[in-house]
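My structure is below; once you've seen it, I'll send some questions.
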Amino acid sequence: GFAKVDHHRKKRQGFPEIVFGEGKSAEQIISIIKALRGKGNNVLVTRISKDKANLVQRVCAEFMYYDIAEILLWKNEENAKPDNLKGYINILCAGTSDLKVAEEAAITAEALGCNVNRIYDVGVAGIHRLFDHYEEIQQATVSVVVAGMEGALPSVIGGIVSHPVIAVPTSIGYGANFHGLSALLTMLNSCASGISVVNIDNGFGGAYNAALIYQLAQKGAEKE
Amino acid sequence: GFAKVDHHRKKRQGFPEIVFGEGKSAEQIISIIKALRGKGNNVLVTRISKDKANLVQRVCAEFMYYDIAEILLWKNEENAKPDNLKGYINILCAGTSDLKVAEEAAITAEALGCNVNRIYDVGVAGIHRLFDHYEEIQQATVSVVVAGMEGALPSVIGGIVSHPVIAVPTSIGYGANFHGLSALLTMLNSCASGISVVNIDNGFGGAYNAALIYQLAQKGAEKE
Amino acid sequence: GFAKVDHHRKKRQGFPEIVFGEGKSAEQIISIIKALRGKGNNVLVTRISKDKANLVQRVCAEFMYYDIAEILLWKNEENAKPDNLKGYINILCAGTSDLKVAEEAAITAEALGCNVNRIYDVGVAGIHRLFDHYEEIQQATVSVVVAGMEGALPSVIGGIVSHPVIAVPTSIGYGANFHGLSALLTMLNSCASGISVVNIDNGFGGAYNAALIYQLAQKGAEKE
Amino acid sequence: GFAKVDHHRKKRQGFPEIVFGEGKSAEQIISIIKALRGKGNNVLVTRISKDKANLVQRVCAEFMYYDIAEILLWKNEENAKPDNLKGYINILCAGTSDLKVAEEAAITAEALGCNVNRIYDVGVAGIHRLFDHYEEIQQATVSVVVAGMEGALPSVIGGIVSHPVIAVPTSIGYGANFHGLSALLTMLNSCASGISVVNIDNGFGGAYNAALIYQLAQKGAEKE
Amino acid sequence: GFAKVDHHRKKRQGFPEIVFGEGKSAEQIISIIKALRGKGNNVLVTRISKDKANLVQRVCAEFMYYDIAEILLWKNEENAKPDNLKGYINILCAGTSDLKVAEEAAITAEALGCNVNRIYDVGVAGIHRLFDHYEEIQQATVSVVVAGMEGALPSVIGGIVSHPVIAVPTSIGYGANFHGLSALLTMLNSCASGISVVNIDNGFGGAYNAALIYQLAQKGAEKE
Amino acid sequence: GFAKVDHHRKKRQGFPEIVFGEGKSAEQIISIIKALRGKGNNVLVTRISKDKANLVQRVCAEFMYYDIAEILLWKNEENAKPDNLKGYINILCAGTSDLKVAEEAAITAEALGCNVNRIYDVGVAGIHRLFDHYEEIQQATVSVVVAGMEGALPSVIGGIVSHPVIAVPTSIGYGANFHGLSALLTMLNSCASGISVVNIDNGFGGAYNAALIYQLAQKGAEKE
Amino acid sequence: GFAKVDHHRKKRQGFPEIVFGEGKSAEQIISIIKALRGKGNNVLVTRISKDKANLVQRVCAEFMYYDIAEILLWKNEENAKPDNLKGYINILCAGTSDLKVAEEAAITAEALGCNVNRIYDVGVAGIHRLFDHYEEIQQATVSVVVAGMEGALPSVIGGIVSHPVIAVPTSIGYGANFHGLSALLTMLNSCASGISVVNIDNGFGGAYNAALIYQLAQKGAEKE
Amino acid sequence: GFAKVDHHRKKRQGFPEIVFGEGKSAEQIISIIKALRGKGNNVLVTRISKDKANLVQRVCAEFMYYDIAEILLWKNEENAKPDNLKGYINILCAGTSDLKVAEEAAITAEALGCNVNRIYDVGVAGIHRLFDHYEEIQQATVSVVVAGMEGALPSVIGGIVSHPVIAVPTSIGYGANFHGLSALLTMLNSCASGISVVNIDNGFGGAYNAALIYQLAQKGAEKE
């Protein structure tokens, strides 16, 4: 095949196989999916448009499509999420325009076996809305904070929580936003400690990091 | 002389004469000052180092030097600030490292005849400190908000006040801060309405804009 | 709902509710509008294309669309502009290509209850045209100056007026213009005092700042 | 005092008080330290030159200085590291020139109560050296990977471990390195999942994030 | 004609004539091809879309089109590749999305008379896949390494081979990738010696340099 | 010698020999000067600090040093400026801080045999000062316009004259000036026709272009 | 009307009226043209697409359209080019892809009443082609040199001529070309004296500057 | 020791051991040198200042220092350059200010066992000087072309030779040179085929690539 599918990865990473849909044709995705599905792993396809997903679903009807997140997901029932999960990941976002990236993060985190709690539309320009969720914000195990335009939300969240914050800049904005550069720089320069950053619009990456941390917190010290 | 001093400006602008000290020698500054002082105007010299200021003060002993702000100022007693001023300009800053720029703004605003209220060290990473000043923040006529690193403070302030906010990015930071570019972009992209921005480290410019607004509010509609 | 509409804002800001139309569907806009209209506030929708606006108008026929400004506006008759307004906001622009941004500013300022005076096509490359409006330029309460390409107009205006100038860079130009970066930097580096800057193409933001200042000048010192 | 020391933070964050030494005078640092020391917290001063540290040590002799890391640290004996810690944080770096940042990370992580394991001089240009440490690399709880020049090390590490990786770009390099921009972009664009990034040269921030994760893994699910 | 076709070049460069298809119409390409074909040289047209190529093939049926590489090629049978070629050029790439550029390199190198060996989909995030090809990688005469996103592959290859490496950054990626800038900077800053770089997406240029080196190795010292 | 001095150039260019002093030692400059002087040409050394110039003058006492311009010049009396020159070059600058670059231009133009007229300190923020020189500005043969900060002066001049304008951006400014980038972009994007631009701080280059034009105007159509 | 047409300009500038077509509708252009034509001036419309030009020509049939240059031109027969013109402007370009910009320059220069000589496809990568035109290149009055990609042609031309060179960078290229930035920087940094630069793709501007110089050379010293 | 010296590298690469002197103390360099010298390999230390080199020479007197190149070199007599070398590497540079980088390349190439031919001061602004060396330029096996400012030399050389060209941009220049970015972009965008590029000021890297190619040409096809 044209791509050496990496079957060792699940064992190595503790997670289902993930396909990056962008720039792949429906045919390529179907062929990759088929190879993977046989292994029994859940399969997560990110950055796949509705049209392309529909073509895939005709052949792979067991896949579910998430519109806003642009994710195509197959959950093998054998890999059901354990029901004794403790704690949760917060996914926060600043405005309605960040929804796509926030949902990419949320669906990904759920697909990686985590409890997810969404807190949307709490941008810093209306900070009172943020404080309506004060407890909920503080008590998460780890937070993914999605923000475009000036990208100031992670700094504020980072200042009120004592758990790790993964900041995801989005390309939402115009003019001197420069396609997300503004939010990216804001997050890298945050005065609040405990914030690390992923690429612009990388909701998937934000959730992946959060899920790794969440699973560590589940296992706790039993690991050694 | 080497610079055509513009005596019409005070009348035109309603303010004392201002000298930009950077890149001028003590001798040049003294010669400009002498020309201006005769007019009876207050004289404000910005961006002048302590050493250079001392040289000037030997000749012009009536000038006072402000260390942190690096400003040299002569207040002609005839131009005393009226004692029936209403309202005040807030100068806010995020951290101790922004102090130089904040003080440049504060001293300038006072020299331009305004009441000034300082609220320092209220960065967004410790947002509870900001809320200790909630009333004081809201009741100003106009605010100058100085911030370096991620520069998120103006967005938060802009969201809780309904008066104009002048945002001043500073060059404080390192790495992906790129000498203040990060804070500048943050402020230009703010989601909060009612924020406008001046050049990096331009505490003077922030205060000058605020003072123009403050004076308008003083005169009110009497003007027409 | 998907977005927590912020009903406190009018009281807090002294202005009608504003909807940022970009990236929202006609359905989303209609649903937001309906929630807001019930309150009796004027409603201003910015950055909405003609096609989208027409879809909204089918349901909300009382809204008026401004073609050049790409604004959709409902003025509740109960909120009529007082007829004793004093002074005016100047909206200046350099060339015909800046018209869209200038009109976004003008319609916004009027919607926010201000007297507006337009002075268009007065770029610095034909400076004599500017001087035909000398009196009119100087006597405004506050000015919004819109310019693309080299963006030099605010510097010239700032030098001849003694009121605050809000500079709005536009993305008009080509080559080394870099989508408005050239005009933005020009304005941030202006030698003229009393100029502050908003994001590229942000006619709305320029007008919002100007309106806050204009209203302060109306109330004058009565406020405290 | 000039800075409102935030005594609530330790409780909130679970860590000792941290002082950013850059841009503060020895006097300012001494005065902050005195205020903090009374609380019994450990105190960590980062980015403090040897000379400045010596001045502080004359007054606060109980502080220890770490040359390479440029850190000044006081460990209150009452706050000794528990001896039943499980797991460890790996600090990896690419070359000898990244040592300063790597040590800033290592000393910080230890000061925050974590077990630390250093793996230095394992850059990708000599990848066999990396494989001598294969087991050690995989078995950490979390890794901090420091790299300058092209900054490729985190991608390689991220590909062979299944725990979270915090990438720290350094400003080491010349020419098209642009003061660390090259390494920063490399890390943000990594194909390996499970990598998040902090500011250029921010060894402290890398370690702080790692320590938050390490502590979560200690407590495990007991938290809820 | 509109372009002075340079017939001296083949003799000067030792290679067939090459046409850069981008921005030329099918008509222009046909007219250039006709002029060149008469000389008996092989003709290589790069960066030509399938549609445009089809138009050309209607007139010049002896040309073959390579879909992925977007190359149109005529091999004059008189110019057949000698069958005693020694050694080979490796073309390596990181991911399936770099295929277009890698194939542009591969077809070009073959058209320039070289043995080519493809090693695709061996990105650094799954470094074990790279080591499956260890011998094959080391024994090439020269390598062309194509990579997008973080562009780290050339550094790893450069560290394990002792022959020259030509690095080709691709524009594959998103966000802080900035259209290939990230991979370009990574490659220019590589710690591994023996790496030189061509323009973003310039698979042709990478192959051209490799072919010059490969031919030198063929002739060896006989040249002088 | 270490540099092949190009004796053909004077004939080719119609001007004396020019030495770029930056990065050359006094010894290197002396040795170049000696080689050139024998030819009888005037010799112009630019970008030479006072200290270095003094060392050169000890050996070459006939050279004159211009402090502000940082130019060292020898005028061979045999090459005296003709006294029937018609017209003049205007050198304009915006502020006192642009003086160094303006003087580099003025001294260079004079050394190249042109009549020069200086109009300094006429920045756009005080545009009335510019109009005091209206006639003088319009009647030049060609103008060199030097400006830092926002660099708007060439646009205004270009709009009121019908002769060629050479714009010289300077690196004067701070913050978002980015070492002259702001002024450079302003000038390249000017709406006024008839403006071309040289490198940042390149007063020499501005004058050299102007002198070529001025000499053309002298010869007029006699040339062919 | 929407734009204050500036009838004084011809007298001031010595040239016909020029309309910048980009961003204007056919209707707007027609209305401007009608106002201008009545004056008897030649009219030059630049940056107008074939489709838009056709719409204009239906109403203004006396206008001629230049396909490659995308220029629409009306030459009033009363303003015929004098037949005793001396000298010529060279328009040089590097490759066939720069043709559009070169032709914009050539047609403009002719419309401004100059003799024009085209020397196309003489890029530095095949420098022998350049030398076939050696005499022709040196004997021009002024040259406009258009180049994309690396933009090196003006440096080479500037080194062999002693008349002024106007360099026009084009946006032709890909990858690290950054839309013409590469060629622009090359030209601004040229080691050859006597080169000045206009905006990327600004063929019009290049020709306008050249025409001003050409006319000066015509009038020669008669002017004063 | 603090750095794991890589003794396998010589065998792997066919070259002596190389130490990057920048950022290492004299003590560190001495300790590394001692470890390496015992192996009998030649030792090359790059980027070492005269002062630091002197300190090293006190202990390691057999090392020779090259002033301009800032290289410290020990040639073990047992590793003498074979006297039957065929062909040579050309090192070309544009101006006297590029000498440091050109010499770093020349000394490095010699230390790597190659014949080297220097052709200096042949910048494109005086292209006739280049043609004095036409034969010599064409007959090299491989060329290293060093250039600052506009960096156009590699394009011209690439056009007249049919062997590989390694282009080395230097940081020489000012203003819009941006520390070598201008020359770097020029070289990456060259229209001439057969050019690849290394980092700004990386004379060492340019020579290293050239030497790898030169050695391949020596061995020729015997290799397989």
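In order of appearance the chains are A, B, C, D, E, F, G and H, and numbering begins at 1 in each one.
Rule of thumb we're sticking to: a contact is a pair of C-beta atoms (placed from the backbone, for glycine too) under 8 Å apart; a residue touches a chain by one contact, two chains touch by 3 or more.
Worth saying up front: this structure is predicted, and the values here are computed from it rather than measured.
Separation of chain C from chain E in touch steps, taking the shortest path, is 2.
Ranking D-H and D-E by contacting C-beta pairs places D-E first. Averaged C-alpha coordinates put the centre of chain C at 43 Å from the centre of chain F. Our note on geometry: chain B versus chain H, Cα centroid distance of 53 Å, whole angstroms.
With centres set at the average Cα position, the gap from chain A to chain E is 37 Å. With touch defined as above, residues shared between interfaces to two or more other chains in chain F number as follows: 95, 126, 128, 160, 175-177, 181, 184, 188-189, 193, 199-200.
Taken pair by pair, the chains that touch are A-B, A-C, A-D, A-E, B-C, B-D, B-F, C-F, C-G, D-E, D-H, E-G, E-H, F-G, F-H, G-H. Chain A makes touch with chain D in their complex at residues 12-14, 18, 86-87, 141-142, 160, 162-164, 166, 184, 188-189, 193-200, 204-206, 208-209, 212-213, 216-224. Within the complex formed with chain A, the residues of chain C that make contact are 2-4, 6, 8-9, 22-24, 28, 169, 171, 179-181, 184, 199-202. Across the complex, chain E is touched by residues 94-95, 123-128, 149-152, 155-156, 158-160, 173, 175-178, 181-183, 185-193 of chain D.
If you check the complex, the residues on chain D that touch chain H are 95-97, 99, 120-121, 126, 128-129, 172, 174-177.
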